[in-house]
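The two complexes that follow have chain A in common; it is paired with chain B in the first and with chain C in the second.
Then we have the complex of A and B:
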């Protein structure tokens, strides 16, 4: 990613009055090279090709579907993360993992392996998530607790509540309907969860790009003062972002439940940082006001491919367990994110 | 003049983008004097002293201290050379004790460790000297955050003194002080003068200059106009020097007529723009819409008060452009922010079309028909990283959405295009970030984004700050157009010339109050400057000998520093207008 020679238009350069389109735009190729969605997409394909060369079986249709299915849980949970990060103000929601677990646990208890309580279970689970989101939002926006601290604290609260609620042993299991929805009943050879993810992705991209909420969200993240002085209720916008974040985490948790059938208390733990990583890899900047969900989708796929690649290369294992894989995974993350950081600086 | 002067600055030039802050200024001052630097807003006095202190690197020119060339790479170097400055914006670390703040950067050490006792010995005498200003106490161990703004300003002064300067720069250092504190400061300044220290003093209180200063250098348009001995120069003459009232230099004239002429015709893009040709809008105040001059007021403000605004009343008729003049930071920005609901109103009524309105947030104000162009376009007016399209759409995006949510890109683009064309904005693509535009075009978006909301009252805080002449003229054409459409425009400007050109009437504010209203033939730069200095017409009861008596508002508690208290984005409007007359070196990409 060598994009150091950008012909930056000096901001105060005198205008050339005769030209209708005053500032020059960089050429298309360069813009593509700088687009995080394109870059991370290319990187994901590259990793996938490497994996396929290493183990041809990796390129099989079934493997691809499995890979995308695994990515979809991360992708759905990271929806809300993306919204919260875009909303700015150091916005971040670390409690998505715990919220996903909570949702799965509540849903599984009320479903209890049958279809009868399905709707009630879903509504209750989402209701519980909604409460978490509202508490997060109130803490951040009313009591001005930094989002990092607030949502980190919420992890402990939610986890504690889960232990109280389950006594350490979660009960119940997914409704058959949910199971079918997630893994079974494939349309065109693609499991339901991927169709669901596609639908949610279209919805979220539409929400961000073509609704007044989306535009205001970007404006609030880009410059809260400007948004406020333009008559935007910045508090309401950020509030919605936090609540939506918990809701989508809850949806993700239920999908996980449908996939795994049973729940355990650390079901969503891994998604806490991975959802942030997926969003940031996809070009959503932690400063807010920049990014989009398409990038997060790619980011989620990239992370899943990377994880699978390290698994099939059988890095780790034996006496070291997961440790070497984790280290490599972390190092790759840091390298990718550093590359973005550098780009950003060059662009200014 | 055989010996070289103690301090000499010669041929100092500094440009910020398209704006010249200093155009070859010369300056000399002798040790053991109190030397005032005065001039209207934007005359370059603050920049000149920032060049001296090394905060600003000049484009050309040199600084000689005791005949030796000073080439600072930053304030550290000038501090070492003995130049200390006190600025209006506070530089204290709130969580540190007063004592720690005083010795910050010059902490005495012993074997590499901080030597608290030596620090105390060094800083305490100054605090004790200023004890009367702290109400008799010595707040060495108190947290800086716990002091009131005036006390903090005193600490700031002590901080400069602890560095034992040979040149002490006081830039509007008295603005937030109470009378008793000013008295102590003046005593100390007198003592410093005895010890051979050169004190450079910037203030907007002419009375203080007459009371304290030996010499005064008057700046105008980035150059020095004259240096006079204060005791021998009548007040009137000082004001005339500042305004350039008597003999107009050709330099001044080109500036004025250039802008006016550009505003008149050449710059106005073709279109339904006939009103833009009114060179002096006030002459045509009655013209737009054929409204008689005595139309019902559209906006009426009665006794409005709030942070830094003190009982302001005025009326604006439809189609009228009302200017807010006076020195910078006298409550103009705050007044507009209060009207717009971005700052708290503590008293008074606002009538819009005869009905009382009380917006508690910008959102409510927008709904009531207000539009607000904030004073700092980068920090307040634009989301610089977001596309031009979104910035245009922001205030009105909900109005075009289907069912209140769904947007049509085509409709948004059409709306943005229409406005951009109307105000002559030049851009590459509507999807480019606003930061790719020039300052003038950015500012047009800040104004233009309000057009779709069809505002009836437009509040503009220095809309032409830091943009080049051509863009400035276009901006004022937009102002004229808004007024012609029947809106009431309230316009603050740091440049008196702009007010004279654009406004029908100008209110002069001083410390949050309206001290004068200027219109008709009185509306000239001279009158505005004289009024700003608070010595105009009816106020001149106080002659020069006992000038101190004219110090305004003896013991009124000073307004809290801008930006504090209100919290959140609402605090921003005040924080944006520092004392510096320079336009921000408009580099939109620099931050973010």
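Then we have the complex of A and C:
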């Protein structure tokens, strides 16, 4: 984004550039206004302040922790989404919602409310998600199905499999260990799920910025031909992105299971497009090769704050049901995207 | 594919005789018409299978019922195709369908006298929603996937406002006309399907029909060739919204009541039908005819899974697997003609 806006802003550059040979950079204020992470971070804080003014309880420590806990599910599921989108080629994974549900359902069946089968359950659930990821990747990379269509089709397959597997009535429940991880205090009054999210976030940011895998991912997303000619195995990189996407969706699904304690078949449905929205709000461009996970974290928090704000303002309660909340949610999403998520003009 | 072989023909004639004219013509027709042939083959297979598994498939009653279920999906697939051809995508189409149907059913309220007004209001709603989408995508230059996700939240909320629960009562005239059999084996929905196709052929002949392909094929090139790119985009979304409203009316006529919660499912179906019908998701290649056939094939497969005696719990899974297979097949065939070198790693 900043790259494309740079030429327009060139006349406004400061009198004395720091280094004579350096490319012209727009002033700091402009750059901050154009930085998705800054804009959505500021907006999230603003919404939070509005919510706190409206209902002082919202500012309490417990509420903040709850809010972040809810955001963490979206955040974890959106990790994979971010990776897939960065890997380019119109990359998108719409099956994350269904995959998260699948993972929760498999895990709850094998945990069945006790800690004994915990490890087995987690491994089986992640294994099932891995299969989904591999099928997605094969469809996209071998059969050349557009990712949007492939992952859309996988929703039908995964949902169908869930129906077949459960007979429409999911059984079992979360292990106490998982429950403690998500809802109980562990360290410093912060639930373990937030530590987990923090750890995963650091891991992913490090992976994207400091490892060769991360650089390859950006290279493939930015320009697959150049990446290939530079010796990057583009297929392998994209393949791993899809598998990782399903794996992280599975982790998110299990966290959701720990939060909800029981599973139902539409557990992860809402995360399908919200994970895309979180990534895009955070500045990851759908064309690929641009963005990062930090933005997605902020995007996930922003979406969660917005949703909670609309809920506590009781918009959506009463006679109108859910409708006004949905409408406002959509409008705000468009406004946020308009702030910086715009594509370049045809006329240049 | 034939052009190179023709230019090489004089040189090659010395060594080996050029391939016979008929063969060459056949090959070129095959490569140009591959998606169409594939979807036609699929249609033949599914119709044959239906005829075998459903004893009364060709009876007047059964034909009426089949075409009544084809029509809504086919219409929404046509709407999606118009938008995709121009290089966009509309994830809110399903909610436009439900919103238009909700507006119509609330206004007509089971009264024949109100039918024209209610239909006009429904269609106007659809076109207005499409216009909003078009303005958001072309005017604000937002990425279509996230922008239409946001508007789908708005339209879905509006549909819930208009019609909080599934219900309402369509006018008897509408539902009865829909079930009529015009001639021996030709029910009204089949006539409407043909009319829809004829309307598309008209649009295809019109300047704007050509513009759709130009913009979808390459917005920059179209812009330099003095095609009003933004206007064409807005037009495609508006036309898509209008046609989606027609799908809403068809749904209403088929079921006799409105349902505000169908949205997502319809959107997914429309995209699957379009891809099976040979339209390229990146725009510029394909047509409504293929999408109509694709929608018919999808509906037939759904019926086949039912009549083939697949156990209830496994139906969704089997259906999903068949859809994925069909999509992968379509993807392979569509990519055949214009396969990029392996290093390009798929479309960008």
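In this text, the second predicted complex is superposed on the first by the 318 of 348 C-alpha atoms of A that agree within 3 Å, B and C clash if a C-alpha of one lies under 4 Å from a C-alpha of the other, contacts with A are read in each partner's own complex, and residues count from 1 in each chain.
Quick note on the criterion: a contact is a pair of C-beta atoms (placed from the backbone, for glycine too) under 8 Å apart; a residue touches a chain by one contact, two chains touch by 3 or more.
Note that the structure is a prediction, hence the values are computed from the model and not measured.
Engineer: Under the stated touch criterion, name the partner, chain B or chain C, that contacts more residues in chain A.
Structural biologist: C
Engineer: Let me test your reading of the model: by the given contact rule, A:337 touches which partner, first (chain B), second (chain C), both or neither?
Structural biologist: second
Engineer: For A:113, select first, second, both or neither according to whether it touches chain B, chain C, the two together, or no partner.
Structural biologist: In the superposition, A:113 touches no partner, neither chain B nor chain C.
Engineer: So in the superposed three-chain picture, is A:163 touching just chain B, just chain C, both, or none of them (first/second/both/neither)?
Structural biologist: A:163: touches chain C, not chain B.
Engineer: With the two structures laid over each other on chain A, which partner does A:329 touch: chain B (first), chain C (second), both, or neither?
Structural biologist: second
Engineer: One more residue to check, A:176. First (chain B), second (chain C), both or neither?
Structural biologist: neither
Engineer: Would you check which partner chain A:231 touches, where first means chain B only, second means chain C only, and both and neither mean what they say?
Structural biologist: Touch partner of A:231: chain B, not chain C.
Engineer: Regarding the shared-chain residue A:216, is it in contact with chain B (first), chain C (second), both, or neither?
Structural biologist: In the superposition, A:216 contacts chain B only.
Engineer: Mind sorting out which residues of chain A both chain B and chain C touch, each in its own complex?
Structural biologist: Touching chain B and chain C on chain A: residues 223-225, 227-229, 234.
Engineer: Please name which positions on chain B make contact with chain A in the complex.
Structural biologist: Listed in rising order, the residues are 17-18, 340, 342, 361-363, 365-367, 372, 374, 379-386, 390-391, 393-395, 397-398, 401, 404-409, 426-429, 432, 435-441, 449, 453, 468, 470-471, 568-570, 572, 586-590, 592.
Engineer: Which part of chain C faces chain A closely enough to touch in the complex?
Structural biologist: 89, 91, 136, 140-143, 145-147, 149-158, 160-161, 164, 219-220, 223, 229, 268, 271-272, 275, 281-282, 313-321, 323-324, 327-328, 331-332, 335, 339, 343-348
Engineer: Could you please specify the touching residues of chain A with respect to chain C in the complex?
Structural biologist: Residues 88-90, 92, 139-141, 143-146, 148-150, 152-161, 163-164, 167-168, 220, 223-225, 227-229, 234-235, 238, 273, 276-277, 280, 285-286, 288, 320-327, 329-331, 333-334, 337-338, 341-347.
Engineer: For chain A, which residues count as touching chain B in their complex?
Structural biologist: Touching chain B: residues 8-9, 11-15, 17, 19-25, 210-213, 215-216, 218-219, 222-234, 287, 289-290, 348 of chain A.
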